[in-house]
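For reference, the structure is listed below as structure tokens.
Labels run A, B, C, D, E and F following the written order; every chain starts at residue 1.
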Amino acid sequence: MPGSKSIIPFGPQHPVFPEPLQLRLVLEDEKVVEALPAIGYVHRGIEKLAEKKEYTQNIFLVERICGICSFMHALAYCQGIEMLMDVTVPDRARYLRVIWSELHRLHSHLLWLGLLADSFGFESLFMQSWRSREAVMDIMEATAGGRVIISTCIIGGVRRDISEELMAEVLKTVDVLERDLEIIRPVVFDDYSVKQRLVGTGRITSEQAYDLGSVGPVARACGIARDFRETGYAAYKEIKVTPVTETGGDAYARARVRIREMYQSIDIVRQAVRDIPAGDIAVPARGNPEGEVISRVEQPRGEVIYYIKGDGTKNLERLRVRTPTFANMAPLLTMLPGCELANVPVIVLSIDPCISCTER
Amino acid sequence: MIMIDPVITALLAIFAVPFIGAFLVGLDRKLTARMQSRIGPPLLQPIYDVIKLLHKEPIVVNRVQIIYAGLHLIFMVLCVVLLALGQDMLMALFILAFSTISLILGGMSVRSPYSRIGSQREIMQMLSYEPILILMLVGIYLINDSFMARDILASGKPLLLSLPLIFPAFLMVMAIKLQKSPFDFSTSHHGHQEIIKGITLEYSGPFLAILEITHWYEIFLLFFIITMFWATSIPVGLLIAAVCFFCEILLDNIMARLTWPWMLRFMWTVALGLAVTNVLWLYI
Amino acid sequence: MNCREKSPWIVHFNCNSCNGCDIEFLACLTPIYDVERFGIVHVGNPKHADILVVSGAVNHRNVRVLKNVYEQMPSPKAVVALGACGATGGIMADCYNVLGGVNQVIPVDVLVPGCPPRPEAIMDGILQAARLLNVHQKDRHAGAEVRLTLQPVSEPEKV
Amino acid sequence: MHLYTFLSLLLIFGPLIFGLLVMLAPGWRYKTPVIVLSALTIMAGGILLALQGPFTLSIDSGLMKALPLIELLILAIIIYIGFAIKKMLIIGLGILQLAIGLISDMLPHSVQAHVPTLKVDLLAVIMVLIVSVIGPLIVMYAIGYMKRYEVHGPEQMRSTGLFFFFLIGFLGVMNGLVMSNDLKLLAIFWELTTLCSFMLIGHDKTEDAGESAYRALWINSLGGAALMLASFLSISASGSASLDELVAVGSLLPLALICLAAFTKSAQLPFQSWLLGAMVAPTPVSALLHSTTMVKAGVYLIIRLAPGLGGTRMGQVVAIAGAFTFALASAMAISQSNGKKVLAYSTIANLGLIIICAAIHTPLAYAAAILLTCFHAISKAMLFLCVGTIEQGIGSRDIEDMEGLMRKMPITTVIAIIGMVSMMMPPFGMLIGKWMALEAVIMSPLVLFLLIMGSALTVVFWSKWIGRIQTVAYHPVYKIEDVPFSMFATKGVLLLGIIAAAAVVVPLFKRVISPMAMAMFSETVVTSRSWDLMNSASAFIEWPLFFMLALVVPVLFLVVRGIKKSHIRQPFLCGENLEGAKTTFEFRTLMDKGESARIRSYYLNPLFGEAHLTAWANPIAIALIFIMFGVISK
Amino acid sequence: MSLMNTVAVSPDRLLQEVAGKYRQRYRFATMTCTDIGDGYDILYHFDKDYELCNLRLYLKKGEELPSISSIFFAALLVENEIKDLFSIPIRDLVIDYGGRFLLTEDAPVAPMGREGCSRAIDIRLQGAPEEEDK
Amino acid sequence: MVSLLKSVINNVLRKPETRCYPVERRAPFAGSRGHVEMDPSTCTFCGVCARKCPANALTVSKDPRSWTLEPYKCIVCGYCADICPKKSISMNPNHGLPGGI
């Protein structure tokens, strides 16, 4: 019978979603019985554009697949091209890449926490985490010249070095951050109201998470110890990373994973700053890429997969990006049915979605 | 207040109260900002906002919603005037409820999903606080033998001493009415949420201004009721009200918004439990 | 007293942005920048807003959303386009699904350069738009709606 | 013959005769004028009687001798019905009543010359007014309704003549019921109402209707048996069959039995199921049962007996039972999407409220009970008539289907909204009644608590419903409704009645109800506080303020007029409004398809679901009835 | 340089192979489709313990591709995407967006194909004063 | 339970963190990429920058000698500054100013 269920559009222009995405929700009272996404609001066609631009220009393009973990996009791309062209990156550059990667992870996780807090109306927590994030943004601008899209990674190394004094600043920043995290951590871990909203929300089993191909914190919150940094790209060869895992499989576990990862990132930055060798920051790369390769990098949201196919010209034949949110979309679709309307944004944000890279 | 000519009191209530309310709202925003380590808007920001809204294009989804916005305001003014005149509080509360019902109906009169969800949630909010308000009045009645506001002001002993449990319950009601965390379900006055601006979503321009002005009256009303808990000495009453107001803002800033089923459970157990216990104690 | 300038409420629409501009816009709300000092509130819905802040370029699917959001705002209203994408499409201008800057669809008042612009730049842009609200009072209050049509163009020129 | 003798005979037997005439009149051409004439006659009779004022009437004992025979006849019919529908329960109850009746007839009657058979006091006058003014309106409404019903309904429903006979006859029976002071007579009318309602509920002859009619019959027969037993006990104890005597003596067992009977008739928990089932009947029947007849008989009886209950512990239990019904029925109404069922639950709840007031029995409560009875009758009658019209207009009584009704049937919708508003908002009488009730019960905590919860719940379902039907789309095109004149006019009269009632509530209170209460309590010592309350309640200082409200509303309308077409914009659908959609609530979604956004009202089934609430509420209600009997022995 | 662990597979063997991967506890990572002129080079990437394993399928233009979304639910998104961007008919998708997943009705058709997009749309702004307002 | 209480109270007591932007401007970080500047005295109008600019924001022509930047197209990546053989292009650390149309 018509009218027996409620149907509403959730998005695309919706203030809890920073990015346009429509969920077509079917509700019973306020219980979601069906949720289907309609996307395409940020599809640009970057993969095609990348075939038209020179492979060196593409660095700036892939950084703009997503502004949040732009550096890691550039990193994955450059690593792929380097593999194709057999370039060995100098050690100092590898360490610098790690430092910027981890700073990106820190800013991304803080940003996510703020958005999550916003989704359950915790304005102060949003303010607190974004305020702490500014420290990262500042150090990013100081070291790289840009706040969000830093454009420091190039083929064969990095564009900029971090001086001794700035290294000290970096350490200072992570110290400040660690202190701030001590304010934030108990709020997420123990606060009654936050736990009320997160515990049990959007729960999936470890089995489901595995089968549906989830990556990053979504997988790790289900106890799947997968973190591509373990395989040792860049300087992760020297700086060992153990995946942070939780077993709850719900929004709370995902939040815990990310908070704990921030501590881990702080640690990695410290190690990298301590161990960074002196030397060149880039080697020149000559010629054009040829052949096909897959390059993978662990982004804040999980593992990104770059497939690069070059035909020996300046232009690539194919560039394909599988971003982490793309992989986490299927798990998200299984989390939504059965939840309360009020938890829809919480669940969506608990996977830390990035639509712009999902659609490219 | 009761001594003055009722007409003057009524006029005062109609014209001075919104400014007090606006000031409180401004203070609220300022304090909230400070709690988040921000500077925040100027104290008179609410007034700027409303003047701006009044000058905007009056767009609506349908004409009916305007009537409800008007009723919302008028009932609220009526309620404030009644209280200011020291009239029957039970009647005043009924009228307050109609003000809210007008808002609910206004939200439902447009076929906009978010506005409707907001209305339904507002109904749930009413359902959870209305019994407590009435129980509060019952408590007052049992003490003063009267529902008249003026009798409370005239009575010798502070209400707070006889209604120690109803007072916290009322503060919870106040948090709902002020749309503060952990409540704030129907309008999302603070921050964003799943239903955007809920019940007020489809009001814009001057009509949104009407709702905002009504909110000013409402804030004053709540302040007034708290003050009544220590009506024997107005300064003490005001101090208590100020402290409560501050605590509400503090609470808003240290808690996430929960969900309305939680609210219904909480209000019908904890708050109602407090109120009922207190009232029963008065019977004995 | 100029209340319009003192209380610009914002609705933000992310058109095609890479999130860079978005997060810098959101950063404006946070304690360090705190645009609420200027009475700016991020209301999140067009019916309450005075200024529409758009980040990113326009694509085929979000063009209609952008248009609807704009039309649902009460006059006077102003539009700020953030970043290279919002102004011209920036680096994305040649993508097949990108139609170009926001001003292809709705009248834009302020362009903020950068990719992404810094929060300070965004603040400059929004404040400038707030000042423009008074100017627009006459121009757009009259109900001269902007109507858009999509016209197929024969020659395929985009990548 | 005095005028009032004539009037009372007219009001009691007239309807039966008129009903017969209608039944015999062939075809609508003849039926319609007969119905209208008889309705107007009854109405005139009722008003004249009211103007005559209170009186008593003794019928000579010779005539009274015939009573047992009539009673026998009625019971025989019931038993026959029991055989006809093969229900042992009915037969059993019938035989039980028969037995009690026969035994009580054996008892030696003391001479009761001074006891009037019919006693028309102010209360009865008010009841007669309700029955014979609102009742005929419903009957007239039924003309239009049944004309359509015949056309659209299945074959077996076409016994319209019989239908009108019972419909009109019901009014006479009800008039008799409220006037009679003799317990035997009362019992006869009581059985007759049961019988009438059985026939009317079963009118459709569908399986559903049969089932519901049967349920109504057995539950009410149970009440009938209780009433018989009460009258037997009363007669055997005091030797008098007068209702006055029963109250004056105040022996509790008969009173309790009569309360039980009233509970069944007024569909209080746990007897609510028959009234809900009765919704299958054509809507005029529901309107009649709910507003003027049948269920009102129950509360009338309790109000009548109130002096006997007042101050007793049993009275408190009755009040609690009423309050329990009030709260629970209100809660159950929330989970209903069937409009008629919501109305039914609301009726049950309001009857509970009246019972509370009657059982508390303070002057204020008494006044509240009477006020509530009046206002409820008018508002409910009108609401049912509206739902009937809506049902015929849109083919559904589901509230969710009433979306956009404002466009399809604007006039009915507005009337219905006013009706619903009159159930809960000022300046209408229901609210004032409720307010007085609240003040009245303030000394009984449990009742008070249930009353508060119930009131809060009431608001929920009314506002949901109003919210649903009042929605107007963007640039609506209103249709002119096609509603028969009779259906339209009767609603109009009732609407005027509601507004008039609201306007005259103060004089009505001061002139009629207040004196009644005063007369009722003249012998008892009245504590000063109650009278203070009466004064404060009757003073209504707030009226000037409502006057102000009345001034402001036109201003609002002016504002509304000022809105130009260009100011009307589409609703917010997250920006995905479908361009050029005929309706404004369509949005684009998957695959660029359009779909209309819709939000059902919340029915909160997990919380207020009928089934599971009933599952624990009925046992509690039964327990309360046991307690009611239990406290007598203490 | 070419990809490691790559096995060629024919369209009719595809589902069997993929089901085999599922049994071996491989996870679906993604698919890559490249237009190589006369047909499509489609890669299925599976992952287990950081090791990728790829299936390479050559699909002639105009042929239909069976969906693997009934085996790996996660594949439905990328399959819908490929359906959009290359206009490859894919059968038996568990949720089929019918070519309107990323692209809308006015968008170019098969933009990732060799020929580029086959249709382009320009958008014009017309500031028309208030006229028919239905 | 209410873990943010302490920091919220602290915030009230301390000076707000806000930088009063238009009034109080922080000096940009050295080496920050604010906007593009070109020194016409050294430029040879070779056009390398225009060819390499990923956003096609530059147009250079030898005859007549012109060098044009579309500021609203420029993604401030600084690639042109890196690649210019004459080092005529530099990145000014101050951000570009918003403008109308």
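In this text, a residue touches a chain if its C-beta (ideal position, glycine included) is under 8 Å from a C-beta of that chain, and two chains touch if they have at least 3 such contacts.
Model, not experiment: these values are computed from the prediction.
Enquirer: List every chain that touches both chain D and chain E.
Expert: Both-contact set = A, C.
Enquirer: If you apply the touch rule, which chains end up adjacent to both chain B and chain D?
Expert: Under the touch definition, chain B and chain D have A, C as mutual neighbours.
Enquirer: If you take the mean of the Cα atoms for each chain, which one ends up farthest from chain F?
Expert: Measuring from the centre of chain F, the most distant chain centre belongs to D.
Enquirer: Where the centres are mean C-alpha positions, what is the separation of chain A from chain E, in Å?
Expert: Using C-alpha averages as centres, the distance is 24 Å.
Enquirer: What whole-Å value do you get for the distance between chain B and chain F if each is reduced to the mean of its CA atoms?
Expert: Result: the chain centres lie 49 Å from each other.
Enquirer: What whole-number Å value describes the gap between the mean CA coordinates of chain C and chain F?
Expert: Each chain's C-alpha centroid was found; their separation is 20 Å.
Enquirer: In whole angstrom, how far does the Cα centroid of chain A sit from the Cα centroid of chain C?
Expert: 26
Enquirer: Pull out every residue in chain C that's touching 2 or more other chains.
Expert: 13, 31-32, 34, 37, 42-47, 59, 61, 65, 68-69, 72, 90-91, 94, 96-97, 103, 115, 118, 143, 145, 159
Enquirer: Which residues of chain B are in contact with two or more other chains?
Expert: Residue numbers touching two or more other chains: 33, 35-40, 57-59, 113-114, 117, 192, 196, 201-202, 253-255.
Enquirer: Do you know which chain A residues sit against two or more other chains?
Expert: If we look for residues of chain A contacting two or more partner chains, we find 6, 8-10, 12-15, 30, 36, 40, 43, 45, 48, 60-61, 64, 124-128, 131, 149, 191.
Enquirer: What chain-chain pairs meet the touch criterion?
Expert: Taking the chains two at a time, the touching pairs are A-B, A-C, A-D, A-E, A-F, B-C, B-D, B-F, C-D, C-E, C-F, D-E.
Enquirer: Can you name the residues of chain B that touch chain C in the complex?
Expert: 29, 33, 36-42, 45, 48-49, 51-52, 55-59, 192, 196-197, 201-205, 208
Enquirer: In their complex, what parts of chain D are in touch with chain E?
Expert: It comes out as residues 475, 565-566, 590-592.
Enquirer: Which residues, counting only chain B, touch chain A once they are in their complex?
Expert: Against chain A, chain B makes touches at 32, 35-38, 113-114, 117, 181-182, 184-185, 188, 190-196, 252-262.
Enquirer: Using the touch rule from the top, collect the residues of chain C that touch chain B in their complex.
Expert: 1, 3-4, 6-7, 9, 31, 34, 36-39, 42-45, 47-48, 50, 72, 74-76, 141, 143
Enquirer: For the complex, give me every residue of chain E touching chain A.
Expert: Per the stated touch rule, the residues are 1-3, 25, 27-30, 32, 34, 43, 45, 50, 52, 72-74, 76-78, 95, 100-104, 111-112, 116.
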